[in-house]
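Order of writing sets the labels: A, B, C, D and E. Residues in every chain begin at 1.
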Amino acid sequence: MSEISIINISIIILLLPLVSFVLLIFFGKKFPKLYLAATGVVFVALVLSIAVTFGMLTSYSGETLSFSFTWIDFGNVPSIGFLSIELGFEINNVTALMLFVVNLISALVHLYSIEYMRGDIRYTRYFAYLGIFTFSMLGIVITNNLLMMYIFWELVGLSSYLLIGFWFEKDSASDAGKKAFLVNRVGDIGMWIGILILFTHYKTFTFSTIFEQISLGNLPFDSAAALTTAGILIFLGAVGKSAQFPLHVWLPDAMEGPTPVSALIHAATMVAAGVYLLVKIFVILTADAMLVIAVVGGVTAFVAATIALTQNDIKKVLAYSTVSQLGYMVLAVGVGAYAFAFFHLVTHAFFKACLFLGSGSVIHAMHHEQDIRYMGGLRKKMPLTYYTFLISTLAISGVPLFSGFLSKDGILAGTLAFGSLTGHWLLPIIGFTVAAMTAFYMFRLVIITFHGEPRNKEKYDHAHESKWVMTAPLAVLSLLSIFIFYTPNPISADAGWFLNKWISTPQTVVPAEASFDFMQSGMNKHETGLAQESGIVHSVQYTEAMHHAHYPAMFLSLILAGLGILIAFIFYQWKKVDLEKLTEKLNSLYKFSLNKWYIDEFYHATFISGTIRSADALSWFDYYIIDGIVNASASITRFVSRLSGWFDTFIVDGLVNFSALFSGFIGLSFRRLQTGKVQTYIVFVVFAVLVLLLFFRPF
Amino acid sequence: MSIYDVIFYLFAILTIGSGYLVVTSKNIVHSAFYLLFTLFGVAGLYVLLAADFIAIVQLMVYVGGILILLLFGVMLTNKVTDVKIRTGTIHIIPAVIGTGLLMGVIVSMMLRTNWKSEPGELPFTTTYGLGRILLTDYVLVFELLAMLLLIALIGAASIARRDNE
Amino acid sequence: MIEVGLNHYLVVSSILFSLGVYGVVTRKNAVMVLMGLELILNAANINFIAFAKYGNFGLGGQAMALFVIILAAAEAAIALAIVLNLYKTFSNVNVDEIDKLKE
Amino acid sequence: MINEILNSITFIYPELAVSIFLLIIVLVDLVFHKDKKYIPYISLAGLVITGILVLNQIGITHFAFVPQLSAVKKYGMMTIDPFGSYFKLLVVVTSILIIFFTIASEEVIDLKERLGEFHALIYGMILGMLVMISASDLILIYLSLELLSLSSYVLAGFLKLRERSSEASLKYVIYGSVSSGLMLFGISIIYGLTGSTNLYVINSLIQGPQINLFTLSFSSILMFVGIGYKISAAPFHFWTPDVYEGAPISITAYLSVASKAAGFALLIRFIQTGFTSFISEDGYWTLIAVFDWQALLIAISILTMTLGNFSALWQDNLKRMLAYSSIAHAGYILLGIAVLSNQGLIAVLIYFFVYMLMNIGAFYVVMLISNKTGSENIDDYDGLGAKAPFLGVALAIFLISLTGLPPTAGFIAKLYLFIALIDANMIVVAIIALLNTVVSLYYYVRVLKHMYLTKSEREQENITPSIGSLVYLLVLLIPILFFGIYFTPIVEFARSCVSLLGI
Amino acid sequence: MIGFPILTLITFLPIVGMIIILAMPKDKSIWIKYTALAATGFQVMLAVILLGNYDYSAGGIFQAESFQFIEKFRWIEITGLSWLGTLKVDYFLGIDGLSMPMVLLTALISFIATISSWNINKSVKGYFALFLLLDTGMMGVFVALDLFLFYVFWELMLLPMYFLIGIWGGPRKEYAAIKFFIYTLFGSIFILIVMIGLYFSATEVIAGGERVFTFNMLALMDQANYSVDGILSPFNPHNLRFIAYIALFVGFAIKIPMFPFHTWLPDAHVEAPTPISVILAGVLLKMGTYGILRISYPIFPDITRDLMWYIALFGMINIIYGALVALAQKDFKKLIAYSSVSHMGYVLLGMASLSSTGINGAIFQMFNHGTITAMLFLIVGVLYDRSHTRGLNDFGGLATQMPAYTGFVTVAFFAALGLPSLSGFISEALVFVGAFGVESIRVLTIISMLGILLGAAYILWTLQRIFFGKLNEKWAQLTDIDAREYIMFIPLTVIIIFLGIYPSAMLDIMSTSVNTLVEFVINGANNISISGL
């Protein structure tokens, strides 16, 4: 494949879902079978993306192919010169892989949804929305500039809004959609400011140009602080979209959407966009920015994991686990483990999609029952679902032989290395704690759902294994959770093709004084044998630290994961511990976790009601004060008019009275002067003569 | 103090005194008679100012015409049987202040002003001279006055006439 | 005592004028108001004639006084006609009570 | 001597014509005792002839009736100049409009018996005004003012049986007589100071050093009382609302335009002839430093317009509202004089022309409606826009023009006024005037609101004006709209009439 | 160039329509409607012809030669005045990149408002006559290049608007109409004062070499034309330019409407009939910002620069305040009205940046707000026609009942909240890009961005309250939109989406002029401050 054709095919891939969207929106009503065409279109896109990825990884690995065009031309702008806004696309390894992941999951979800959504009144509309989502997501993936990134970013938000609120008859669904959009917007504003900082200085949105300028030492507003600010602000976009603390609150609520949507958007792809964004701008992140990112990621991972421990809704558990895992990825970026961040993104996409689709299968079977306390013993009824679910759970828990182990282990090693190099030891501690908690709550989920005795006999009896269109995607995804697709070595991915051949950490462009020492240069890259080996190396120190951290991290994580699994089994499978007593003992902690740290309540009490209250106050202010000043007596008249019931005339008379108030005493006394008694008038004349004489006397 | 002065003061006191009574007397008929004295006093002043013809006109027109007219007015607008034809007053306080100030201002102004004063004698009898300028220099005014009288005639008749409506 | 001169006449006219104004303002009866008016006109006439004499302005002043007297007659006629008419409609000629038109 | 008089007569043809037709009307009234329906046409004919005579005079500048016997020989009692002719023409045109007005007015139609007297009195007013406009001698001014006043007193009370009319008449006569009495006293003092009653002579004499400024100021103020009452400038305006409301509506319209115009002409002539020392190249007048007329006029005009506008806000009677509005307009026009420049004068001339059209128009519509509904109350205008579409639109245009909004001639008038003010650097005054315009907008719009927006509570038949009224209104409307868009002609005409007979 | 006076035609075509309508019998209401439709339709055609012949590279602003479709002749000329020299007013029309988008907008919105007026049944004749008169006034404002002419058009649209609200409006129409009238007139008086002040401060050379006072905007922009002693002359050490600028700005700000002069807008909108709301929001509000750009900026570049921060401040207040107040509304139309306040704030902010991107964004926002808000008001109108209520809480679940309608609503709503790929985003983004680039107003810009969030909040909340949730049984009878309503919605939707994807179609029209304007203002401000020293 030539460069041009890769670009062209990528653009075709981008546009195909849009075509499906347009077709379904306009003709969906007339041709109810059109959803099949949509699915077909997405599969075509999948095939094309496989071709692109293949072509890319084989022929142009490590290169960046790009294409751009002028979108808006401002002409010769005073004090700037010729200014135009360029848009375009770029394809490199990361992009190509991302294309593949998105298309794959999208295609599988399409397939899955055919069965899952059957009978819904807005069946075709649903596929249309999936189309627009896929389009937007692909847009994020292949863009080469920040503006398009932002545009598709928002479009993704839109499609998420539409899909979360798909069952808008339910108030909870439409609330969740709204919440998702608004919370995302908070992050987006930050991101937009960050973008503006860069644009204001560089007059371009294109990544490569900006990177180039920075590498030449041309910093925004000539200050490293501004670069840090820009980095953190852009990261805010990721905080929103990837549901990082404190903007993570929308994601659990987003589970109100149809489950395949949760799988596609809120587990595998869209939420990963934030991480993808960080990966894109990784090279301009300064030390301070990275530290902030790492902390946010760590906090998110921890908070979400603690919440996931106690949730009873199958999808909520998965949602918090997603948040937690996203926290991992962000943490990875923060500690400089660029490749592992992306690696975890990919592995997580597969196993989390699988988990969600599996839960969807369960929910489907249980007639939309989502509370795990009413499930149990489904293993026998739905074996395929169970095994795929189990594989994915193993993957996420970090059990060797599965993809999650590889990626998570890398991240943990990264944090450990980071800790050793910078002294921020809290981050690895959090990382390992979360790993244990993950294993625990995932197995808790599996055990309660699939093992043991059915708790709701009636529903259990009706449950059955899903049709092949639903299970096939499960199978595919669970398969992809096995190590072999990424590396031949089941315990270390370092030597695998994924990390070794496909993904390499780019060179940071941040000036030395503003970045971590260990991020500095790959000058020793070729001198150290390690570099050759792993390909994820930044500097000697970091490589060495990573290397040293690898085995400790691996063992530690293994132990912790095992511990988590063990406790889960003790608690739920073998029931060695009286849970009720335990929860009673830890009541406050339990409640704290169950109620999601009361973050929603906090937001409600502060920002939301604050806004609503100030809106009401301002509205009052507008109506009574501003308008009142303008026609002050209109409000008085309004009051009186209510008494007289003679509203209409009065309002207008009120305006007369406005003049009365305005002219005040003078106006009224004018009127009083006109007494109707002619002699009074003459008295006025006499006095007027005297007054005039007084004022206009010529001395 | 010449006899001229004495006569002046007599007339002046007559004029002002009766003038005061005109505007203060409660009885309308009395007021009308006081007005007669005032007008008479003014006529006397005219004579002192060598305006013999004007003095006569003053007596004829004012006393013989206007005053009678006013008396008729009084009679026609009051019941004749009512012996005490009285009238009240209003605006006393503002009027006293206003006219008092006005009078003060005018009198002091009159006294302070350096009026044009040239010695000169008017002809002993002014009738000829007046007649002459009325039909030369002031002919337009004279004719206009004629029209004015006509209009006054028509107007007064038009308003006061008792229509059989 | 100073010899009687222009100023004496002017003082008389000033006082007469003020009395006239006073009368116009204070008297209730419309006819009385008209009497006040006559005083004002007479005051002006005294001025004209006195100025004419002492300033040696010729007979112009006297001619003016003449015109004013005639005018006063015309004015009095019209005014009295109006007062009479008013009496017909209001049965009253008290100026201060005739105040339907106001505000 | 006789030659001078005969020669002068050629300059007073318009006045002569008016006098002659006055006599004709009186005679006709006496002779044709039974049938008086021709009288309006006779008076119209007379006015047309007068108008032609006035037109003939335009451009002529001359003194008439120059005294021969007295010491003053140079200046006449009458001054014939373009400025005077403009106002005379205005008066004549207004009179013609008013005659038509009375033909349509039911109030006056009811008085068939007294039609002759009515027209005779109107002629008396016209004569008074024409003389007043040209007079340059104080005694002539006084007498013509009285002639005008006496006629108007009677006309204001012409509806004898109507209480309001009689009351108006009484107030008018008392107020008017006192004002003119004060004016006369002022004249007598000026006479004493200068020994003359001729404005030109006075002008030359008061420049002397020995003049007593206080006395002169006092007499000026007394003079101004008389004129101010005629133009209803505050605080000498008190009679206006009462008389306007009480008088027959045709007379109200007439008083508000014609006699006001004559009063303004007099004021302008009085100030320019009597008190101006010279007129600069760019048309600004320099006053003799004896009395600050400018300050007085500015103060009075601001007071007048403010008082007029604010008082008008409360009026529910349309006639009374228009009375206050005419007071306010007097304020604006006074500002034009207060500028003391030819440009201000042009503004005044334009303003008066426009004011004539729109004010008569507004009164005419009010009259037509009150003919039908018997009421001038604003509440009875509810829903009139639908009931009487043409009248509604016409009144709307008149009121918009009175407000001074484009594209009506009223806007042009105000525009010229403000241009003159700004050019004279009287910015603050201009802003006050503008704010006043805003206030005025309210009560004008209120009428529109009642006509178009308020639903009438009672059933009401449609009001269709007669063909005559239609034509009459169109005659007024078309110039208002036309001059609102293309106003060069009136501006040029006003400019050509701006010159007074100089000193 | 085109061989006929196209600007005159496009401006006065509605008047021709009005005259025809006035000549028609009252009861032929359908013919009256078709006449109005034809008049506005021709106007759209002429606008398209204009666009077709438009020269994208011509700057305009201050150069008479680069204005397009110029028509200029003497309207009023009075020569030989003693002190004025010559008084002249030109009939001077022309367009550049500032006015071209507005001309397009006016034509389009008028046309759509005509369609939307189809169900007006109360005194149809009067309605359409006034409507067309209004149309002329609006168009005239955007094509006039002589201040006097501008003012005449400005005032011309006042009265028809007053009557259209006052006669065909809702329950409190009188109140709203009078409020509108008083407010606007108050503003226009300020404009008039400044206009006269300007007239006496600058002169222009006319044929024959004489220098005369002028109302010509282009001449007023040239500092060289000012005399030393003019009260608004930059060379006059005691000039009143600052006060004049404020007065002018207030005059325009009332129209925008800028906080705190905005309270007429909610009342006017709520009471006005739908088509008039459309016109009001679609075109009228733009006249204020257009006036600032066309008159205040180039004539007073120095003050503009000095007051940049304050304009931005008011822009910010408008954005935040309008959005917050909108959030508290319970009446659909009032909500849209306040959203207009918020959206016009972006225009102010963009203008305040005094940068090409910002002003491009501002003008583009003017156009977009015109289309989007027009559509929003049409949307309210459609719902109100069917349900006779506008209470946001009265509805619910309409999405299933009226799917096509919901589709259009969604597009309009998302355009209003600035969703990328719809036109509103581009303009808001450009405004932010421009404003952020200016250091002095950067903080204000950042605060303004809260408006994005608040905008999304009230719009999504509205969407939810009306369309989502369970269908209220009361509305089970509501029908989806009909063909006529499709015709109204489709062009606007297409424009909104098209300009969202391909903004250059509009931005190219204006960018040359905007660059010229920015350069002119910056240079002008520098020159004046130098010469002022």
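The criterion applied here is as follows: a residue touches a chain if its C-beta (ideal position, glycine included) is under 8 Å from a C-beta of that chain, and two chains touch if they have at least 3 such contacts.
Everything quoted here is computed from the prediction, not taken from an experiment.
With contact taken as defined at the outset, chain B and chain E are each touched by A, D.
Between the contact lists of chain C and chain D, the overlap consists of A, B.
Among the remaining chains, the Cα-based centre furthest from that of chain C is the centre of A.
A simple rule picks the central chain: find each chain's mean C-alpha point, then take the one closest to the mean of all protein C-alpha atoms, which gives E.
Comparing chain pairs B-D and A-B, the larger number of C-beta contacts belongs to B-D.
Centroid distances built from C-alpha atoms place B farthest away from chain E. The centroid of the Cα atoms in chain A and the matching centroid in chain C are 98 Å apart.
Note: centroid distance chain A to chain E, computed from Cα atoms, is 38 Å.
Remark: chain A and chain D have CA centroids separated by 79 Å (rounded to whole angstrom). For the pair chain C and chain E, the distance between C-alpha centroids works out to 66 Å.
Residues of chain C in contact with at least two other chains: 10, 17, 20-21, 24-26, 30, 33-34, 45, 50-52, 55, 57-58, 60, 63, 67, 71, 74-75, 78, 81-83, 85, 95-96, 98-103. Chain contacts: chain A has residues 648, 652, 655, 671, 674, 676, 678-680, 682-683, 686, 689, 693 touching two or more partner chains. Touching of two or more other chains is recorded for residues 174, 178, 182 of chain E. The full set of touching chain pairs reads A-B, A-C, A-D, A-E, B-C, B-D, C-D, D-E.
Within the complex formed with chain C, the chain A residues making contact are 671, 674-679, 682-683, 686. By the touch criterion stated above, chain E contacts chain D in their complex at residues 75-78, 81-84, 123, 151-152, 155-156, 158-159, 162-163, 166-167, 173-174, 177-178, 181-182, 185-186, 189, 192-193, 196-197, 199-200, 231, 240. Listing the residues of chain D that touch chain E in their complex gives 281-284, 341-343, 386, 400, 405-407, 411, 415, 418-419, 422-423, 425, 427, 430-431, 434-435, 437-438, 441-442, 445, 449, 452-454, 486-488, 491-492, 495. On chain A, the positions that touch chain B within their shared complex are 679-680, 683, 686-687, 689-690, 693. Within the complex formed with chain D, the chain B residues making contact are 105-106, 109, 112-116, 132-133, 136-141, 144-145, 147-148, 150-152, 154-159, 163, 165.
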